[in-house]
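Shared chain: chain A. Partners: chain B in the first complex, chain C in the second.
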Partner chain A sequence: MMKETTTDILVIGGGAAGLSAAAEASSSGAKVTVVESDLHLGGQLVKQTHKFFGSKDEYAGTRGYKIADILLDEIKQNEKNVDVMTNTTITGYYIEDGMFTAMRGEESYIRIKPKKTIVATGAQERLIPFPNNDIPGVYGAGAVQTLMNVYGVTPGHRVLMIGAGNIGLIVSYQLMQAGVEVAAVVEAMPKVGGYWVHAAKIRRMGVPILLRHSIKEALGDRVIDGAVIMELDDKFAPTGAERKIDCDVICLAVGLTPTTEILSQAGCDMRYVPQLCGFVALRDRTMRTSNPDFWSAGDATGIEEASAAMVEGRIAGLCAARSLGLPVKSDRFDEYWSRLDHLRAGEVGEKIRAGVAKVMRDRWED
Partner chain B sequence: MNENEMLFSSGVLTGERKGAVSPPESLWNDKKGGLVVVECPQRIPCNPCNTSCPVGAIKTFADINDTPEIDYSKCTGCAICAAVCPGLACFVIDLSFSPDKALYKLPYEMLPVPSKGDSVDCLGRTGEVLAKGTVEAVTEPKRDRTHVVHVSAPKELARDIRAIRVVK
Partner chain C sequence: MDLIKEHPVLDVGYFKRHARVEFTFDGKHMEGYEGQPIAMALHANGVRVYRETPDMKRTRGFFCAIGKCSSCFMAVDGTPNVRTCVTPLEAGMRVETQRGKGRVAINPPAGE
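Our next item is the complex of A and B:
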């Protein structure tokens, strides 16, 4: 017989948003089950060796992997309320009877029937097509970070970074910290997409950031031994100017897209929002979706910084616990929203604000 | 877009901007311990420079996205902000160090960590080698592996030297 468990709140994903949701909900007395597909909790936080931005409330000035430890310590304080399943992947949701199926390890299947669910599944990397992108040596930035910062393995000797968003800029810096040379960062847009200070950090270490440039093709037979990059005009068409870059690694940091299959299976109203980088669930300010038993938080609701993911997780955890009739400190709701508003108020938050406006609904009917 | 703006858009400061200004020379020249130079010209949600400053020299932000404003009369050149800033955008430059050299207190998160007495390359904002400098001290104010390297180097490069490279 397949094992079946129940729980008050199922949190899918043990990263920045999921851990924050679990910490918040369990502190209100809810029984929480966190399901994480990786072997350990922490999500992307465990790879983040750089210090975070934000304010003290978002652990500004603290390195990402330390923030994972802080969240895990907080969850430990309500240990009796939290059940953690690592190496466990949700494989489907059956709306007819409110049942999740999950695969634990490689052999065991379980069923989970929660009262409420918080989807904090994060995001997946986008890739761009170019000739020879199947030759070993072409990596996603997430893989490079995992290799270096989780397993202590450098991916190669000389890297061409594609994309100057925060991930491309930060991973370039981390590559240099690991002793790997960064040949150049190419970016199709006319300005860096990430924080200017992250760009300045690698510029002053001598890394060129080539704006209005993209990769044309990878070079190599069995492994990457170079790339051809091309200049783009203001309509993103090649100008004809090309040059060869010597490198043994091509690292793609060309954006993320929200992971939302479970939300679709749960029948949540979804909308394609370019500013949030893909299909996301419509939500109210409690982070509840159009399915009254489903909340969502973090990159699954739109690609944004981890600092915002943690606040969204708090909101979802608080509101899911409240929906169970548990006593929650309701002034926290306004406090969290004021933090989120502040995080989004800057120049880089403009896109997020426009995206969120498209998916925010008044409170769903109770 | 002109060349200066294009360069700025790629992460290189080109001239002063809000959030990236040099201290006034009248206060800077003789200030023992030096004054902070912040290069943070973009509105982003971040305020550890303010919240970590022990003397209130980096003014409190009305909005966390504000760019830093500095009260130079309060700055002691302690370089705590240099150690704390997640963007490595705070530097302290002490022009009173010697007749021809300034002391640059620069954040450093690379390996190897230099030692007192080492000769290092002093770099400008695009990584160009501007001069050789001598390491006078290495501190780790927050014990969090962000070092602040104190390097003596020619004074006339005070507006240009922003990083070091340890040459083996």
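Our next item is the complex of A and C:
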């Protein structure tokens, strides 16, 4: 017989958003179960060696991996209310029974029936097509971070980075911290997508950032031993100029897309929003979806920074606890929203604000 | 071993490295840290090819590291299709390159 458990609030994902949601909900007295597919909690935070930007409320100036510790300490204060299952992957949601199925490790299966659910499943990396992109040595940027910053394993000797957004720039710098050479960063767009401060750091260390360039093909028989890169014109067509790069790793930092399968299974109204980088759930200001028992927070609601994910997690945790009739400090709701608005202010927040405007609902039709 | 020995920000003690254990890869003796994902231990030992695809015999290895992409499926202690990037290493594990789809021994429940 498959083991079955119940809980007040199931939090799917133990990263920046999920841990914040769990901390908030458990402090109101809700019994919270956090399910995490990785072997440990912390999500992307545990891989970040740089100091965060944003605002002091979201730990600006603190290195990412230390923020994970702060959140874990906060959860520990209410540990009697929090059950954590790591190495556990939600495999499906059965809407007719309100039942989740999950796999612990590779062989053990369980069922979880929560009263309320917060989906904080984060994101997955995008892949771009080029010949030989399937053979070993072509790695996702998140995977490279896990290998070197969590387990201390060097990913290779010489890396070609694809993408000059914040992730491509930050991971290039992290590779150099780990003693790995970065051959070049290639970027198809005519300008660097990430913050200038990250780009400047790797330029100072002599790494070329090749704008209007892309990868033509990866080279190698059984494993990667090089790449051919090509120059692009202003219509993204190859100019014919090509160059061979010696490398044993090609790191893809070409964007993320929200992980939302569970929200779709739960019947939440979804919409494709380019500014949020994929299909996301419509939501109200409490981060509740069109399914009244489901909330969502973090990158699963649209690709944004970890700072915003943590505030969204707070809002979802607070409001899911409130829906159970638990006493919550309701002035916190307005405070969290002012923090979120602050993080999304100005020119850098323009894209996110446009995306969020497309999915925010004042009320749900019955 | 392809391990980071010093780091300007992270104390080497931060890395998830517990007791050293022995395991085998295709019969070869190797060492890794208990509890780290099998894929990470193999990578530190210089192993890049984790499986071969069923028809085109394309090589596959480490890729997403979050248990989603199927690239690092291997046979572990005789069980195929194990997600080695999220399965913890244990002492004495028998890890093998997976060729093709792998076969699962199916034992029908008694009485059927």
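Please note the rule applied: the second predicted complex is superposed on the first by the 363 of 366 C-alpha atoms of A that agree within 3 Å, B and C clash if a C-alpha of one lies under 4 Å from a C-alpha of the other, contacts with A are read in each partner's own complex, and residues count from 1 in each chain.
Throughout what follows, a contact is a pair of C-beta atoms (placed from the backbone, for glycine too) under 8 Å apart; a residue touches a chain by one contact, two chains touch by 3 or more.
Quantities reported herein were computed from a predicted structural model and do not represent experimental measurements.
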- Task: Please work out whether A:R63 is in contact with chain B alone, chain C alone, both, or neither, and reply first, second, both or neither.
- Result: both
- Touching A:N149 in the superposition: chain B (first), chain C (second), both, neither? second
- Message: Touch test for A:F53: chain B only (first), chain C only (second), both, or neither?
- Response: first
- Message: For A:A199 in the superposed arrangement: first (chain B), second (chain C), both or neither?
- Response: first
- Message: If we overlay the two complexes on their shared chain A, which of chain B and chain C does A:T286 touch? Say first, second, both or neither.
- Response: neither
- Considering only the touch criterion stated at the top, classify A:P136 as touching first (chain B), second (chain C), both, or neither. second
- Task: For A:G179, decide between first (touching chain B), second (touching chain C), both and neither.
- Result: both
- Figure out whether A:L39 sits in contact with chain B (first) or chain C (second), or with both, or with neither. second
- Message: Quick check for you: in the superposed arrangement, does A:Q265 touch first (chain B), second (chain C), both or neither?
- Response: neither
- Query: Can you pull the chain A residues that chain B and chain C both touch?
  - Reply: 63, 177, 179
- Note on the structure: chain A contacts chain B in the complex at 50-56, 60-61, 63, 164, 176-177, 179, 190-192, 195-207, 209-211, 307, 342-349
- As the complex stands, chain A meets chain C at residues 37-40, 49, 63, 65, 87, 89, 105-106, 124-125, 134-140, 142-143, 146-155, 177-179, 222-223
- Query: Okay, in this complex, where on chain B does chain A touch?
  - Reply: 1, 6, 9-13, 39-48, 51-52, 63-65, 84-89, 109-111, 123-128, 142, 144, 146, 162-163, 165
- Complex contacts: residues of chain C adjacent to chain A: 2-4, 6-10, 12, 14-17, 33, 35-37, 40, 43-44, 48-50, 58-68, 79, 82-83, 85-88
